Amino acid sequence: MSKKVKDQEMSFKFIWTPKNVVMNILKWILIVFFAVYTLFPLIWLVITSLKTNAEYFANPFSLPAVPQWQNFTNAFTQANLGQMIWNSVTVAFVGTILNVVVASMASYAISRFRFRGREIIFAAFSAGIMVPLNALMVPYFTIFSKIGLIDNLMSLRILYASIGLPISMFIIRGFMDAFPVEIEEAAIIDGCGFYGRFFRMILPLVKSGLVTAGTFQFITCWNEFVYANLLTSSPKLKTIQIGIRYFTNQFTTDYVSMYAAIVIAIIPSILIYAIFQKNVITGLTAGAVKG
Amino acid sequence: MKKSSKKLIALISTVVLSVGMFAGCGSSATEETDSSNDGTTKEETGKTEEIALTFPCIWVGSDSKAEVFGKMVTDFNTEYEGKYQVNIEEQTDYDAYEDKIRTLISTGTAPDIFTVKSFADIQLFAEAGNLMDLSTFFEDSAIGDRFITGVLDDTAIDGKMYAMPYENAIIPIMYNNKLMEAAGVTELPGSFDELWDACDKLKGTGVFPLSEMTGDNAWTSMLWYSYAVAACGGADVYDKGLEDPAFVEAAEILRKMFDYTSSDAIGADATVVNGHFFNERSAVYTNGTWILGRIKSEGVAGLYDSLALSGGLSNDGENGGAYLNAVQAYICAGKQEDPAKEEAVQAFMKFITEKDKIVELTNSSGSLFAVSVDSTEITNTLQAEIVKQSADAAFTIRNFNAAMPTAVGNAFPSALEELVLDEITPQEFVETLQKAAE
Amino acid sequence: MKLRKGESLGVILFLAPALLLFVMFFIYPIFNVVGMSFFNWNGITDPVFSGFENYKDIFTDKVFIRSITNNVIWALAACCVQVPLALLMALILSRKPRFWQSFRTIYFLPQVISGIAIAMLWSAVFNSEFGMLNGLLKMLGLGKFATNWLGNPKTAFACVLIYGLFYIGYYMVIMMAGITNIDESYYEAAKVDGASPIQTAMHVTVPLIRYSVHTCITLAAIFGLRTFEQVYLLTNGGPANRTSLVVLYLYNQMRDNNYGGANASSVILIVVGAIVIVSIRKMFKFEED
């Protein structure tokens, strides 16, 4: 893939007009500005996680005199991050798959078919994005204690899949809407049924939308803390976000260990993001044609 | 044929997907629940039934009490093996912990043992009938005598005990003697007027005299306000209520303190304030004894050894020498139907208030407790001095947040910001707090 | 598309799981919230019916008015600055400049990093004593502009709002995914017509990803209306409530044991959100089928 991209870059003939040069410089200023701006937090985080707390208090922007690699081993062993990462991985994967499957089915029904109440249903779903979820601790706790899933990771999987539904449906429907109905009508003439069109036609077409919604959903699952803390109590079932907060107590916070834990915690999500997004590239054709 | 079978598979998979996620729960529920936490089912096959107690505990992780308190719990479980078992659930983020306790209480599933920092919350939970009545437990003089005089009476609600006072916050004013001497201040201030003199001199040497903050719960500034309130209104100022003019007078003092603090005080959180004092950017500071350990490990070299401590300052020659002293963690127990479980909870409470255990906890953590220990048994000299100073103080008084309803403490930071920005007068500052109290 | 014979069953089956979860985790709790918004309730003891008292209290509270104003400004800024910037960068990156895949990952990084770390960083940047921003100003000889950025009522809200506007990764990813779905033939046609890259972007790409743009604008507006985490971590609403937001206001009510008020704030938030969502959809004038 990367080779192919390179070939395209090579074949593209750059014409040295003043306008093109200025545009090119502008483009690269933007690209570099955003790269520096968005990399800044990560770089700061990594540097700070290698300092001592005393150094951090003295100056948050200084470099560590001696890199404190043990902050990472401390974070990993003290907070038992290994188990927590594994729990988060299973929660996030199941929560994401469940979410995307349910959301794409519902989006298909709403996006492609006219039936009474569909816009009302969709508006209701969308309004769900507005719900301040942290105000629902009592009802959510009640639901899960009634179905007997307190202190069970399945409660988090179901909850995360559900609370992410409005956003996922919103995104996926947006992608489905972008395809004109005519494509499907052609398939109907070819004798393709409801399920066939969904699985063989629409899903592959909106793959990039599914991946996008899935990426966001994964990160939502990965970063959720309030309900992970509320609905589980056994040490074995703690998730990574609880691990990050292992170093913040009522009156004291061990900042450097916390930052080390945060650095560890973001590695899996960056990996997932990169892997997911790699799948989207295949469809990207805009760069293939340059003017 | 081919088409319809595909359709069927699609249909089945849809149904399976939607049904399966619920059907799947039952089986995985058993495999994923931490069985060690489920004492009752585990012991069903055993000889006697072991009673398991749940305890969402905040003294874990990097908390200074974590190590010794954790050991205490392990020791309890060993001593009562086969009979009682306390299962610690680690709770580190305090806000999330409070949310969880509140949710558990309002859904009627209060944990067996938990801690509460605000007395107002205990009153609320007790009113709703969620807490175990511990009155008979404390009637036993062997238990009651363990505690510092008066602390149990302060905890009683309509003559009944719903909580056990445990951790105490005793808060001195801390001075960086090195910076004070460099500024030519040779004696610790005894009154607010002397403090202002010292502040002027300190300011001249280019350090921030005071450490103020308005971020989070405005902790250090709230403590300064408490000292000012004590100086203006005396020992029984909180009984007189927020209508007392002492609160307005104290607000004027607090306002003036912000003239002597760092430029980042508005919005500063504990990190900022600690950073200034730990790095000798500020000279006068106030916080609980638990911070001593961190001053030693995270402060610049020599800071710890140049600390000088004192109690409150006087105002117009009155009410000097107060000491802030308040319970900051009560141990509560959820209401139990089973008397055996009540016994288990009380056995645990008895266990963790034994004097030698408290001494060990005190010495290891820098914290102080509502259980009375001899100041000679405290190995850390500064901590021992604070205990002594507090015992010899003209009077002790709770800090403002501990004495007020939760909503007042919550309203304090933003009211303080308005005061410091001169958007409201000290009178209006107190009125804002009164409004929150309603 | 009109429903064909036998397809209603499919539609129902496809909607069922989502509806089931939605009823469980949204409708049922929201009914609770709406109901309790008419009660005076501390979250623990028995609630007392109080009619529209909670709503009256909220609308006469100047902190709430400030909060909702702040949220509206936030939503507008996200729609008018953040989304256009994201669109611009999506257009640039989709033309596959060198290392574009790395840039796409880098731009997304702030979404992945825990909000606590980002907030701690920016509070250090804005700090008046050792902060980077004041340091930079002094270096440039602009020391007179140095201030306590997050503690100054004039600058605090702008600071908490602006730094996040340049974290464009979220919306950029949605729009880049939209661009991947554009058929190559459109570009071939544009090329034949001799369109410049900018013309191609404006007349081919942007109209073809209007659904993705709609998604982004709506999400930006909604996120703007319900945002609170970065403010909670940076200023907690201060100084003097200048940076207060509705959800933060709502949490503070919960912390004050005023659950009736918190629920009333939730209801207002959901209603405002629903109106905004429907209005934006109307604005885009999508043809129905």
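Every chain is named by a letter (A, B and C) in the order it is written, and numbering of its residues begins at 1.
Everything below uses one rule, namely that a contact is a pair of C-beta atoms (placed from the backbone, for glycine too) under 8 Å apart; a residue touches a chain by one contact, two chains touch by 3 or more.
In this text the structure is predicted, and so the values were computed from the model without any measurement.
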item	value
Between the pairs A-C and B-C, the one where more C-beta pairs touch	A-C
Farthest chain relative to chain A (centres taken as mean CA coordinates)	B
Whole-Å gap between the CA centroids of chain B and chain C	35
For chain A paired with chain C, centre-to-centre distance based on mean C-alpha positions, whole Å	15
Where chain C touches two or more other chains at once, by residue number	14, 17, 43, 120, 127, 130
Touching two or more other chains - residue numbers and ranges from chain A	102, 105, 134, 138, 158, 161, 194-195, 198, 255
Multi-partner residues of chain B (at least 2 other chains)	11, 14, 17-18, 21, 102, 106, 271, 275
Parts of chain C lying in touch with chain B, wherever the complex brings them together	13-14, 16-17, 20, 42-45, 120, 123, 127-131, 148, 150-153, 156, 235-241, 252, 255-258
Chain C residues touching chain A - in the complex, by the definition given at the top	1-4, 6-8, 10-11, 14-15, 17-19, 21-22, 24-30, 32-33, 43, 88-89, 92-98, 100-101, 103-118, 120-121, 124, 127, 130, 132, 166-170, 173-174, 176-184, 187-188, 190-191, 194-197, 199-200, 205, 208-209, 211-212, 214-215, 218-219, 222, 225-226, 247, 250-251, 254, 262-263, 266, 269-270, 272-274, 277-278, 286, 288-289
Residues on chain B engaged by chain A in the complex (per definition of touch)	3, 6-7, 10-11, 14, 17-18, 21, 24-25, 28-29, 32-34, 36-37, 54, 56, 58, 60-64, 66, 89-94, 96-97, 99-100, 102-104, 106-107, 109, 117, 270-271, 274-275, 278-279, 288, 290-291, 294, 297-300
Of chain A, residues touching chain C in the complex	2, 5, 8-9, 23, 27-28, 30-31, 34-35, 37-42, 44-45, 59-61, 102-103, 105-106, 108-110, 112-115, 121, 123-132, 134-136, 138-140, 143, 158-159, 161-163, 165-167, 169-171, 174-175, 177-179, 181, 184-185, 188, 194-195, 198, 205-206, 208-209, 211-212, 215-216, 219, 223, 241, 244, 255, 258-259, 262, 265-266, 269-270, 273-274, 277-278, 280-291
Complex contacts: residues of chain B adjacent to chain C	11, 14-15, 17-18, 21, 102, 105-106, 124-125, 127-128, 130, 214-216, 262-269, 271-272, 275-276, 281, 406-407, 410-411, 413-414, 417-418, 421, 423, 436
